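Contents: one structure, followed by commentary.
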Amino acid sequence: MDYTQGRGRILANVEVAPDHYRMEIEAPFVPERALPGQFVMVKVTDGLAPVLRRPFGIYTINEARGSFEMIYRVVGEGTRLLSEMADGVDIDVLGPLGNGFNLDLAGDQPLIVAGGVGVPPLFSLAQGLIGKGKKPVVIIGGRTADDLLSLDAFRAIGIEPLLATEDGSSGYKGYVTAIMEERLDDGKIPSAVYSCGPKLMLRRVGEIAMSRGIPCELSLEAIMACGFGVCLGCVVKTCSSDGSSEHDFSRVCCEGPVFDAKEIIWDEA
Amino acid sequence: MRPDLSVNLAGLELKNPVMTASGTFGYGLEFDPFFDIGQLGAIVVKGLSLKPKAGNPPPRIVETPAGMLNAIGLQNVGVDVFLNEKMPELREKKAPVIVNFFGNTEEEYVALAEKLDGVDGIAALEANISCPNVKAGGIAFGTDASVASTLIGKIRKSTSLPLIVKLSPNVTDIKVMARAVEEAGADILSMINTLTGMSIDVRTRRSNLANMTGGLSGPAIRPVAVRMVWEAAKSVNIPIIGIGGIVSAEDALEFILAGASAVQIGTASFISPTAAIDIVKGLERFLADEGISRLSDMIGALEG
Amino acid sequence: MRPDLSVNLAGLELKNPVMTASGTFGYGLEFDPFFDIGQLGAIVVKGLSLKPKAGNPPPRIVETPAGMLNAIGLQNVGVDVFLNEKMPELREKKAPVIVNFFGNTEEEYVALAEKLDGVDGIAALEANISCPNVKAGGIAFGTDASVASTLIGKIRKSTSLPLIVKLSPNVTDIKVMARAVEEAGADILSMINTLTGMSIDVRTRRSNLANMTGGLSGPAIRPVAVRMVWEAAKSVNIPIIGIGGIVSAEDALEFILAGASAVQIGTASFISPTAAIDIVKGLERFLADEGISRLSDMIGALEG
Amino acid sequence: MDYTQGRGRILANVEVAPDHYRMEIEAPFVPERALPGQFVMVKVTDGLAPVLRRPFGIYTINEARGSFEMIYRVVGEGTRLLSEMADGVDIDVLGPLGNGFNLDLAGDQPLIVAGGVGVPPLFSLAQGLIGKGKKPVVIIGGRTADDLLSLDAFRAIGIEPLLATEDGSSGYKGYVTAIMEERLDDGKIPSAVYSCGPKLMLRRVGEIAMSRGIPCELSLEAIMACGFGVCLGCVVKTCSSDGSSEHDFSRVCCEGPVFDAKEIIWDEA
């Protein structure tokens, strides 16, 4: 539980795709301790609408600059207000929060499967894996070519992501999981799978990985009030990953956002 | 000179009137990364039941205009785990610990009160009576004066600790409830718990809460809470702890002027983990600025 | 194809489900500069009493988080001035006129209902029962089921117009009130009226309202209103008009999914004078976007 | 009842004194019909905090530019948000509202007494009076020199305002009403008095004028929800100005904001 609430300063807030923004925030307490897969809670206004903070995954961790980046999609009032914030202004940041990915999952050929705004947190994961000498394969999906985030960032670290779009406007026409299954059927078996994105995608990714006995970590989303474990609002139904104990509720903000695929009881989550 | 923030609630001496509200401050220790919780008037922990409770399925919360709905379903570790695993560390803090508790039957309330009685480091008990009374067909203990009165009478006999009774706002006449609970032996009232509400996703046609309805908290409910504290304060002779939508020292003072001797900070702790301690500092500043030496002089000092 | 927004409330045919809420739309004509009020489902005018009423001294309103408190004190021109000076012009508009009315005694309610019965151009009556009952020591007619029931029974006999009864939310169990009023002869329920609240200026130590307390309205109360409509809809067989904090078409649909057959727009008309008509357009757009041909198919269509 | 709700565009929003801003808004429907003493209601946010519009007096009416100006003091959340609005952005305006001053009150030597943010609406009045060939004398007061608004604007139309500050930092040390009384005692009797400013000042100005039988109009403030007469929230207690009828409540937004001093029943207003 090593997180801080403090003032950050917006270094950049630029539209990187239609309705998608990348924000860089100088707040040294975040990069100092952040792990891939962790998130921050930011205040989008000094007023009361919206009243709660908003959670965002950490996209890049820049210790040297004392900053981190996040990428967000404008979906409602909170993200709209965020998108209107100017460079140089202060922003209240709480983080880094959550558990983050386990970079030491089996083997050195991990597979990363990312969809929509689930892509950014997996970029810092890819960096971390490469730092450990691993060679991640990355599949990125979206509804349309515009939704495929951070491709250049992956390329800059030497990864050429495999692409899937629902409308076929870029890469494979269909879901990321089709690419994933095809690769598995071709005998390209990853040592581990990491995934972040829409709920249905996560569930399918987890099922595929588990059915082949591949270790798999999934990063979940949930509506959050506090982000640091006290409201008990963000739970998902889980069992222990060896399946031994009774099912129970786990907090996405503390026990997660990253869970072993085996832990999630989807029908009740 | 530093203003005197201390208050005395029926013998419960607090260095300042700011407590945390049950269910919004975990078991207290979660706030350690943010500030020294020993600086607060008191800490009220998440509501405890006899056995651990898993709570409701998700989604459990949704934001609403200037507020939020929650249907946590009173998830908690149970009184035994609390006493064994949380209490030892809490005892080290300098803030009095108030234990919020609830049951589904009178017997459960009584058993809890007995169990908590005399535990070292517990300064007071807060009975949450907004829970469904299993025997009375699920009607909340806190919405019927005679049901509440019987319950409080029994709890009263089972503990020597100061007994705070937390009132539900979902009633026609809060004055009637306040008086009933006072007569049954409550030492202190705390109010308000959440207003029952609902929010619907119009595209999926589902409630935003798996439990369908939830409890509304946050700034949105403050006017209702202040009104109820004001009405209750005129009706009873025991001290009142004001709760509901407090996010600033000024908000806290609304309750104090209306007749509350102390306040609890709930949803605000989610927005800003340091909200409670910031409000302590804000009260100190307000009193200094206005040249008021003792906060207790402001209790019930509303004019008009 | 344009979606069909029409609804039928116990025989009251409306071209769309959007009405204005009493006390927030004047006598209707004040909105002429902004839009053709004839495009609304119906217009509900400011509550009328037998004699003109001066209302409460100022200050009468204060803003609160996502809401406002009002203590207008039911100021109105009285039924005679309304019928002579406002009604002729209102009759020219194409929207049905619903007259909200109130009294301090049963006799006053009855006298008003009789006076309004059969007036050309009045489509329905809406009885506001949130008012203090002078004979019952000032307790509101709308907070006691048997008092409300007797009152509505008498009003029912005095008019042949569709009778809408507007419920107060300041009660323990809205289901009980709804059923009592249905049994007494109400044709339609409208809900909710304002929640009683209070707001204090901590520097002057005075209430922000000369009347001390006021009625809370606006988005802040929407979750409470939606929940009450949902509970009432499951308990009665008469149609319900949903009211409380509606500022958008989505907000209106929350009430409709919860079981309301129509809605009223209150505080939103202060924020934006065209709010009600904007919501009509928003509903049309929502239905078109979602491929829903008839709004009435959404009434009570909440799942789960 | 000739007013409109519509989008305006912010042409300027500049700090003119500590915590005081002048905002120019292009919204032709306002200058087309505005009278001195009228006001507008503006939305300070697209969100819900604060939920209600905020009323501001009209400072200048620029028909040629299709714009008007207002001067406001930052006192709370609404005016804070207003002060942060950038040039060029849209703002929702409702107006012009209220009755405005009667420029044809007796004689051609009117006296204008203004305090604090009551000054701006009286500037357009002064312009109007000059346009009618009248020669207004203007007294302006504030707590301190910083609060004395729009002095240069008055000078630019040939009026040298008489000044009063509570702390004596500029002009007479004390209240505007002291200057007013001194002038009256010196036999400088205005043909009429117009005033806008703090409640206590208005009351005193009215009393002085009435005690000497001088026609007097006062512009009042009140907390407003709607601004166009339907909420009945903004009332003051009044009687008809000839004192004949029963007292009653008048809406500051419709029957006012300008009232004959004789109409106001201060003890209950």
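In order of appearance the chains are A, B, C and D, and numbering begins at 1 in each one.
Methods note: a residue touches a chain if its C-beta (ideal position, glycine included) is under 8 Å from a C-beta of that chain, and two chains touch if they have at least 3 such contacts.
Since the model is a prediction, treat every value here as computed from it, not as a measurement.
**Student:** Touching both chain A and chain B: give me those chains, sorted by label.
**Tutor:** The shared contacts of chain A and chain B, listed by label, come to C, D.
**Student:** Starting at chain A, find the fewest moves between touching chains needed to arrive at chain C.
**Tutor:** 1
**Student:** Between chain C and chain D, what's the gap in Å when you average each chain's C-alpha atoms?
**Tutor:** Each chain's C-alpha centroid was found; their separation is 36 Å.
**Student:** Averaged over CA atoms, how far is the centre of chain B from the centre of chain D? Could you give it in whole Å?
**Tutor:** 46
**Student:** Could you put a whole-Å number on the gap between the CA centroids of chain A and chain D?
**Tutor:** So the centre of chain A lies 55 Å away from the centre of chain D.
**Student:** Using mean C-alpha positions as chain centres, tell me how far chain B is from chain C in Å, no decimals.
**Tutor:** Centre separation, chain B to chain C: 34 Å.
**Student:** Specify, in ascending order, the residues of chain B that touch 2 or more different other chains.
**Tutor:** 65-67, 218-219
**Student:** Which residue numbers or ranges of chain A touch two or more of the other chains?
**Tutor:** 48-50
**Student:** Touch graph of the chains shown: is it line, ring, star, complete or other?
**Tutor:** Per interface graph, the chains form a complete graph.
**Student:** Considering only the defined contacts, which chain A positions touch chain C in the complex?
**Tutor:** Residues 48-49 of chain A touch chain C in their complex.
**Student:** If you look only at chain A, which of its residues touch chain D in the complex?
**Tutor:** Answer in residue numbers: 45, 47-50, 77, 81.
**Student:** Across the complex, what residues on chain B touch chain C?
**Tutor:** 64-67, 69, 143-144, 170-173, 195-200, 202-207, 210, 212-213, 216, 218-224, 226-227, 230, 245, 250, 253-254, 257-258, 286, 290, 301-304
**Student:** Give every residue of chain C touching chain A within the complex, in rising order.
**Tutor:** It is residues 65-66 of chain C that touch chain A.
**Student:** For the complex, which residues does chain C have touching chain D?
**Tutor:** Residue list for chain C touching chain D: 23-26, 30-34, 46, 54-55, 57-63, 65-68, 70, 72, 75, 218-219, 247, 267, 269-274.
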